[in-house]
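For reference, the structure discussed in these notes is given below.
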Amino acid sequence: MGIELLLALITGAALFGVGIYGALSQTNLVMIMMGVELILAGAMVNLVAFWRFLHPDIPAGQMFVLIIITVMAIEMAVGFGVAIARFRAKGSVEMEEAAELKG
Amino acid sequence: MSAQMFFIGFFGLAAVWFGIVVFRTFSMVRSALALLFSQTALGAMFLSMQAEFLGVLQIMMMATEMSIMAIFMVMFMMDPGGLGEMDMTHQKRLSLIAGLVSFVGAVAVAVFADWGPAASVVPDAAQQTVDLGLELLGRSMLIFETAGITILTAMIAATAVAIQSVTRSNEHGH
Amino acid sequence: MNLIAAAILAPLSTMALILLLRRWPAALALLGATAGLLASIALLTNAFNGLTDALILPGLPNMPLRLVSTPLSALLSTLVATISTLVLVYAVGYMKQDGEKVRFFATMLLFVSAMQTLVLAGDWILLLGAWELIGLSSYLLIGFWYRRPGVSSAATRAFLVTRSADLGLYIAVFILIANAGTSDIAATLHTGGHVAVVAGLLLLVAAMGKSAQTPLHDWLQRAMAGPTPVSALLHSATLVAAGAILLIRTAPMLPPPVLLAIGIVGGVTTVVTGLIALGERDLKRLLAASTSIQYGLMLMAVGAGAPLAALLHLIAHAAIKSSLFLGAGVFQHSRESTGFTDLEGAGRDRPRIFFGFALAALALAGIPPLSGFFSKDAIIAAALAAPHAPVLASFALAGTVLTGAYMARALRILWRGKSAGRPIAGLGWMAAGLAGLVILGAVLGAAFPSIETVLNARLPENTLAQILGLSAALGGLTLGWFIPGQRLLGGLLPWAQRGFAIAGGFDNWIVRPAFAMARACARLERVLNEGVLAVGRLGLSIGRMTRKGDDQGIDGLIYSLVRGTIRLGNNARALQSGLIHREMALTAVGTALILTALLIALLAY
Amino acid sequence: MTSVLILLLLALGAYLVAVLEAWIASGHLSLATPMLAGIALLGRESIVPRKPDRIFFEVGPVLLLISALLAAVVVPLTPNLIITDLATGALFINAALVYVLVALLMAGWGPDGAYAMVGGWRFLGQLIAYAMLIVMPITAVAMRAESLLTTQIVVSQAGLWNIVYQPVGFALFFVAAMALAFLPPFDLPTATGELAGGVEAEYSGVRLAVLRLGRLVLIITLAAATVVFYLGGWQGPWLPPWAWSALKILAVTATMLLAGRAMPRIREADLLAWCWKLGIPLALLNIFLVGVLVLVFP
C-alpha cells in the first residue's frame, strides 16, 4: 500500500471531519453550506486518490469527481436561492430562528 | 520520500489548514476565501496526483463559486469591518465530537483496509482528457446528461425561489 | 409504397385529416376515396397481369397480419372503392344542407377503409378486426341522425343483431385457427371433415347476420333510418356484402351439407323477403327487402356450388342497388319522405332521374342486355345444375318473379300520379354519382367474361335457364305493373306488412321464452333468497355475541395500543425541532449508528 | 531559460502597453512616461490605511500579478517559446485568470474603504457576466482543434484563422477579455470618475505599482491569448514566428485600448443583461455552428 494513497485518504478524512464539525456547529445558513462543501471536498479527494492509486485506467473515476463538482454547484444554487428567499422574508439567514418545520 | 508524496502531503495539509480556518475566523470574507484556498489546495493536490484536467477544473470552478459565497456572506451577515467578534456557533461539543469521530473512523478505515498494490503507471494528461471525454459522451452519457439537466433545473428553481415577485403595478411604477 | 397499404390508408388518413382540420370535409373525402380507388385499380391491373401483392405486418407471435391481393380480393377492393367513390360524389350533394358534414364524411371514410381491410385481409385475425370495424362504423352511420326519433334504436338493433351473429364468426375462426394452426385464410381453406361442417355452419350464421337473411333480416329494413348514401353503401358493396363475401371466400372448404343449408337459407330468404317487399309501403324499406332477396340469391348460388355466379351477382347488384338507393334519395329530397303515398308521381318530377332508376330496376329484374341478366341467369343455371336442383331452382325462379314484381310495383307508383316537384339543392352532384352507378349497373355485364378468365373459373351456362329466367323476369314485371302489390299478396298482405311476423315472431319465438325463463329464474331466486336470509340471520346472532366479546376484550387492547402510540408520537415529536442543526446532528448520529451496526456485522462474520 | 525569456518579454510587453495607454490617453507618444511614473510611484510612501485586513491588503496586488503571469505560462509565442505546454492549456488560462477576481476582491476588501470595497464587489458582478463568454468561445476553439493544447490550437488554424472560422466566438471572446481586463468601457472596479479609483483608491507607493503592473501584464496576456485562440498565433508569411506573434499581440492590445475609449462606462445591470440574454445564446449558437462545421468539413 502506498503512503501517497494513505496521505490522500487522511486528507480526505480530515476535510470530512472539519466539514461535519462546521455543518453542525454553525448557525448561519451560508456557513453551513461551507461545511457541506468541505464534506464533498473530502469525498472528492478520496475519489481522485482511488482513481490515481488503484485504477488509473478507468476514466469513470474521474467522471465521478465531475459529478461531485456538479452536485456542489447545485447545492450552491439551491442553497443561495433559499437563502435569498429567506432573507427577503425574515431579514436574516440565522438557522436558530428558523423553526417553521417544527413537528 | 518522493516529490509526489511531498506535494500530496503539503497540499493536503494546506487544504485541511484552510478548511479549519474557515470556521476559526471571525471575518466572513476571510472565511469564504479560506474555503476558496482550501479548494484551490485540493486542486493543486489533484494536479500532484496527475489528474490534470480535474485539478485545473477544480481550481477554476471553486474560485468562482467561493467568491460568490463571499459576497453572500457579506450580504447576509452585515459584518461591517469583518473583524467584529461575535459567536455564531452552537452545540459545539456535539459538533466537535462528531467531527473527531468521523475523522478517526475514516482514518481507521484508511489505515486498516487492504487497498492492494498502488498503481504506478498513469496515462498521460492528454490521453486522460481524451479518455474522460469519451467516457462522458459514451458509457456515462446518461449520468452526465442527467447531471446537466439537474443543474439546469436547479438553476431555474433557485432563480424562481429567489426572484422578487413583481406585480404589474410596480413593474412599470419605478 | 405498397398498393395494398395505399388502398386502405388513403381513406383512413383522409379521415384523420378531416377530423383534424374540420374543414372541407366533402372535398377531402372525395380526394381520399379517389386515391383509394386509384390504388385499387392498380391492384386490379396487377391482378389481371398475374401479379399478386402482399403485405405482412407483425402481429401476434407466429401469426403475422397478412394483407394479400389475389384477383378475387383485388376485384372486390375495386368494387368497394368504385361504389364508395361514386356514393361519396352523390353524398356531396345529398349532405349539402346538413350541419355535420365532418362527422359524416369521416365516418364514411372509416367505413370504406374498414371494408377495404376486410376485403384485402389475408388472415382471420385481421378479418375479424375489420369485421368489427365495419360493424362499428355502420352503427355510427345508421345512427347518424341520432336526434330523430327511432334512429338510435334502429342503429342499436342493427348492431346487436349483427353482433350476435358475429359470435358465429368468432367461434368459426377459433375452430379454424385451432385446427389449421395458422391464421392464414388460404391455409385454413384446406380444412375438411366435421370441423369444416361445424365451422361452415357457424360462418353461415355470421353471414346470415351481416347479409340480413331470414330470420335475421329485420334489422336491415330498420337501418333505413340512416342517410341515403349510407344505405346505398351499406347495401351494395360494404356491410351487407361482407356476409356474402365471407361465404364466397370460404366456399372451397364448405362441405355439401353446409352448402345445402346455405342454399335453403338463401331460398327461404328470397321468398319471404320478396313477399315483404311486395307489401311494403315505403320505397327505401322496399329496397332494403330487395337487398335481402338478392343476397338470398347469392347464397343460393354459393349453395349451388357456383361462388363465381354469386360474386358476379354481388358485383352487379352492388352497382344496381346503390343506384336504386341514390335515385330513391333524390325522390326523398324532392318529397321529404320515402312513403309510397307521398312518392306517387315523384318520377314525373325528374324524368331523367326516373329513367336512371328504371334502368337500374330493369337491370335488377334481369332484362338483357343489362348486367343483372347475366348474373341472375348464371345463378339459375347453377341452381339447375346443383344436386338439389328442384328445390334451389324453384326458389331461384320464385325470387326472380318476385324481384320483377316488386320493382315494377315501385316503378308504377313512382310514375303514376301528379308531378309536384320542388327544387333540390346539390342535385348536380347527386345526379353525377347516380349516373356513374347506373352506367356501371347497365354495362358491367360486358366485363364478366374477363373476370371469369382472371379468376380462372367458368360460369354455368344453360339455355333453358336463360329462357326460364327471362320469362320469369318479364312475368314478374308484368304482374307487378298491372296488379297492385297489395292485391297480389291477397291474404298474405297483413303478414307481409308485419315483416312476415318474423319480426313479431322474433319477439314471439325468442323474447317471450326468454321472459318466461327469466320469470322462472326469478321464482327460483326468491326461494334461494329465503335460504340465504336465514343463513344471514343465524350469522347475525352469532355476530352479536362475538361483538360483546370484542368490545370488552380486543377493543380494550387496541385502544390501549393506540393510546401508547399517541404518547410515543408525542415524545418523538419533541425530536423534530425544525432546527437544521438539530436535524443534522440527528442525521450524523443516525449514520454513525448504522455504520457501527454494519461494522459489527462485518466483524461478526 | 525559456521562462526567463518569456518573463522579460512580458515585462517588455507590459511596458509597451503602458506606453500605448499613455499615448492613447494623452495623445503624445512618449516612451519615457511610464518609466517616470513608475519611478515616481516607487519613490512615494506606501500608506497603510487605518484598519486594514492586513493579509488581504498585502496579498491582493501580488495575486493579481501572479495570476496574470500564471495565465501567460501556457501561451505559446513561437512553437518552442512556451514555458509549459499543458495538456489542458486552454482551460488552464481560464483557471488562472479567475484569480484576477480573487485578487481584486482581496484588494477591494483589504483596505477597509468604501470605494475600494464597492469596486471589488462590482468586479464580482462583472465576472458573473463575462465568465461564461470566456469559457464558451474557448470551448468552440478547442472543438475545432480537438485538443486543449494551446500549441495544437494554433496549429489547427493553419488553413483558416479562427477569426474567420468563428467570428461570433471571436467577437464574444474579445469583449469578454476586455471585461476581464477591466478596460474601458468595462472599468467598473476602478471607475476613475465615480469611485475615485475604486480598488486602486486606497493603494499607494510600491503596492500601487505592483497593482498597475499586474494589470498591464494581464492586458498583454489576454491579448496574447486572443492571438493564440483566434488569430493563428505565430503563423504568417515572410516574417519569423516571433515577429508575427509580437505584431499581432501589439495590434490586439492597441485595438483593446482604443475600442472602449469613445464609449461611456457600462452599467453593471446592463452588462449582466446583455451578456446573459444576448451573449450566452450567441455563444451557444457559435458552439453549435462550429460543431456542425467540424462534423461536415472534418
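By written order: A, B, C and D. Residues from 1 in each chain.
Assume a contact is a pair of C-beta atoms (placed from the backbone, for glycine too) under 8 Å apart; a residue touches a chain by one contact, two chains touch by 3 or more.
These figures come from a predicted structure and were not determined experimentally.
From the centre of subunit B, which other chain's Cα mean sits the farthest off?
Centroid comparison gives C as the farthest chain from subunit B.
Looking at chain pairs A-B and B-D, which one is connected by more C-beta pairs in contact?
Spelling it out, more C-beta pairs touch across A-B than across the other pair.
For subunit C and subunit D, what's the span in angstrom between their mean Cα positions?
82
Taking the mean of the C-alpha atoms as each chain's centre, how many Å separate subunit A from subunit B?
6
Take the average of all CA coordinates in subunit B, do the same for subunit D, and state the distance between these two points in whole angstrom.
26
Taking each chain's centre as its mean C-alpha position, how far apart are subunit B and subunit C in Å?
From the centre of subunit B to the centre of subunit C is 74 Å.
Name the residues of subunit A that each touch 2 or more other chains.
In subunit A, residues 20, 24-27, 29, 96 touch at least two other chains, as defined above.
Quick check: what residues of subunit D touch more than one other chain, meaning two or more?
none
Can you tell me which residues of subunit C touch two or more of the remaining chains?
Within subunit C, the residues that touch at least two other chains are 581, 585, 588.
How do the chains pair up in terms of touching? List each pair.
Touching chain pairs, listed by label, are A-B, A-C, B-C, B-D.
Under the touch definition given earlier, write down the residues of subunit A that touch subunit B in their complex.
Result: residues 1-22, 24-31, 33-35, 37-38, 41, 44-45, 48-49, 51-57, 59-60, 62-63, 65-67, 69-70, 72-74, 76-78, 80-85, 87-88, 92-93, 96 of subunit A touch subunit B.
Which positions of subunit B touch subunit C when the two form their complex?
Against subunit C, subunit B makes touches at 90-91, 94-95, 98, 101-102, 105.
Give every residue of subunit C touching subunit A within the complex, in rising order.
The contact residues of subunit C facing subunit A are 573, 576-581, 584-585, 588.
Any idea which subunit C residues touch subunit B in the complex?
581-582, 585, 588-589, 592, 595
In the complex of these two chains, what residues of subunit A are touching subunit C?
For this pair, the touching residues of subunit A are 20, 23-27, 29, 32, 95-96, 98-103.
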